[in-house]
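Alright, structures below, take your time with them.
The two complexes that follow have subunit A in common; it is paired with subunit B in the first and with subunit C in the second.
Let's look at the complex of A and B:
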């Protein structure tokens, strides 16, 4: 991408802006040189796109090209991606507010709880949530996972987690299998969930109150097969 | 002894999830009694297979990668399923993985490392067109262990 391509670049961008294409991906795979005038044109184009609430990103840079562009300060202006697919995923996350979902089936073994906590908190951190939110989500999942293991049907030896996050909130469902819960016991459990009471003299029972405090919404469903706790946690930063 | 419950993980075709998922699988091997060395190598395997799934799989919203970890006393079987790959891609991959050592093609650094770290590797395709790679890792049965012991 040298000085001879500057005019073509400029023209192409002008056409794009006229057509209303404000999000541009420049694929530099196979390109081993970008001249400073060309970088200047790209910077100018990005500025114009930003004014239209768009953006311009670079993908497919070789290590060599990345180093050359960084020397020109391009890394302070442009975001680099490995490939177009990653850009599209990022775009959908930021602009379409697409929710992304994970699900787990895990052995009902308390030894797994720290690993599950770390999994979910590292995912939210990777997606741009701050440490405070990540810690709160860890606290919530810790309590719910431990409860699911303790109170689930031990013969089943597993429980389930569904996790969905978008830019604004996290939704968590923790489900265990609790066959044989009669309706009056189910009602008691539901009541305890919806109105957790902290007994000052008890060494236990604070977890649910803590989860309720940290969540934006908390709900319990009990059916013939099992118990599902639903939590929504709105992003706070 | 009852059969161990497999771990199932489903996550989006998005590289952002891979570091967390590979760490979780590697921690699971420690919980199940495998050594830190085994755990680290499992992490490398999961990383490579998932990165391939992201790289070669579709990026359509809602598409996902599925991992299953089956633990036995001395082995872990890892199955990674992704929505990508044409039947031709799968056939090529199967041909390359299955070729005799002397004449096999170089798989690419990542898959070669996976092959060195595992006792077996196979690729299949589901009726829905999803690519499934299954690897088996035993406690101490691979080239690297032989070289470092």
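Let's look at the complex of A and C:
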């Protein structure tokens, strides 16, 4: 893309903006030189698209081209992606509120909990949530998983986590199997859930109170097969 | 599956044979509260009556971990010993605060302040 391509670039962009295409992916595969006027055009175009709440990103850069562009400071302006598919995934995340989902079936052994809570907390962090939110999510998962293990059927020896994350919130369901919980016992569990009482002398029993404070929404469902805790945690920043 | 998640290092304090600094490194959670309690209990005694828990490397604490800290603190008070905590990170402090444990635990900004508070 030398100086002669500037006019063609400018025209192409003008047409796209007129047609209402505000999200542009520039595929630079096979391009080994971009002149600084051409970079200038790309920057100008990106600015116009951002004003229209769109964006312009670059894909398919060779290592060599990437180095050259970085020398011109382009890496501070443009996002580089490896391929178009990654751009689209990111776009859907940002603009279509597409949630990332994960389901886990975990052995009911407390020894697995640290790895699980760190896994989900790093997913949250990697998706751009701040450290404080990631830490709170880690705490919520830890407490609910430990409760699920402690109060689940001992014969079953596993519990389930459904995890869903979009740009604005994390939704979490932790389910264990508690067959044979009769209705009066279920009522008791529900009451304890609604009003967790903390005994100052006890080492345990503070988890649910903590989850309650850290969650935006918290709900308990008991059916014939098991107990499910639903949590919504809204992103803070 | 045995996984400790935490390392406790006991350090002596110059000029104070009755005091130890215990550095907590890692995560204090349901997998290691018992071993942590055993370790702390083994530090008290034989003339050691003060423990300062250095939390600068404590990344994480859960409700059971806090339960054990409250238990240690209470036992210390009953025996007229000291259990003081210093250098708590923001995330851990938030958990302590939500549980309401900040009024029950002796917490200091740094080790020096905790040491100076000993008689």
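Here is the rule we use: the second predicted complex is superposed on the first by the 237 of 237 C-alpha atoms of A that agree within 3 Å, B and C clash if a C-alpha of one lies under 4 Å from a C-alpha of the other, contacts with A are read in each partner's own complex, and residues count from 1 in each chain.
Quick note on the criterion: a contact is a pair of C-beta atoms (placed from the backbone, for glycine too) under 8 Å apart; a residue touches a chain by one contact, two chains touch by 3 or more.
Because the structure is predicted, anything quoted here is derived from the model rather than measured.
Q: Identify whether subunit B and subunit C fit side by side or clash on subunit A in the overlaid structures.
A: fit
Q: Given the touch rule stated above, what does A:185 touch, subunit B (first), subunit C (second), both, or neither?
A: neither
Q: Could you say whether A:132 touches subunit B, subunit C, both of them, or neither, answering first, second, both or neither?
A: Only subunit C; A:132 stays clear of subunit B.
Q: With the two structures laid over each other on chain A, which partner does A:50 touch: subunit B (first), subunit C (second), both, or neither?
A: neither
Q: Considering only touches as defined above, state whether A:109 meets subunit B (first), subunit C (second), both or neither.
A: The answer is both, since A:109 touches subunit B and subunit C.
Q: After lining up the shared chain so the two structures overlap, which partner does A:143 touch, if you call subunit B first and subunit C second: first, second, both or neither?
A: The second partner, subunit C, only.
Q: Looking at the overlay, does A:234 come into contact with subunit B only (first), subunit C only (second), both, or neither?
A: neither
Q: Please work out whether A:207 is in contact with subunit B alone, subunit C alone, both, or neither, and reply first, second, both or neither.
A: In the superposition, A:207 contacts subunit C only.
Q: Check the superposed model and tell me the shortest C-alpha distance between subunit B and subunit C, rounded to whole Å.
A: In the combined three-chain model, subunit B comes within 5 Å of subunit C at the C-alpha level.
Q: Per the definitions at the top, what is the overlap between the subunit A residues touching subunit B and those touching subunit C?
A: On subunit A, the residues that contact subunit B in one structure and subunit C in the other are 109, 111-112, 114.
Q: Tell me, which parts of subunit A touch subunit C in their complex?
A: Residue list for subunit A touching subunit C: 109-114, 131-132, 135, 138-139, 142-143, 146, 198, 200-207, 209-210, 213-214.
Q: Would you tell me which residues of subunit B are touching subunit A in their complex?
A: Going through subunit B, the ones touching subunit A are 2, 4-17, 19-21, 23-24, 27-28, 31, 54-55, 59, 61, 64.
Q: Within the complex, which stretch of subunit A touches subunit B?
A: 82-83, 85-86, 88-89, 92, 98, 100-109, 111-112, 114-116, 118-119, 122-123, 126-127, 157-158
Q: Tell me, which parts of subunit C touch subunit A in their complex?
A: Checking each residue of subunit C against subunit A gives 1-3, 5, 27, 29-31, 33, 60, 62-64, 66-68, 70-71, 74, 90-91, 94-95, 98-99.
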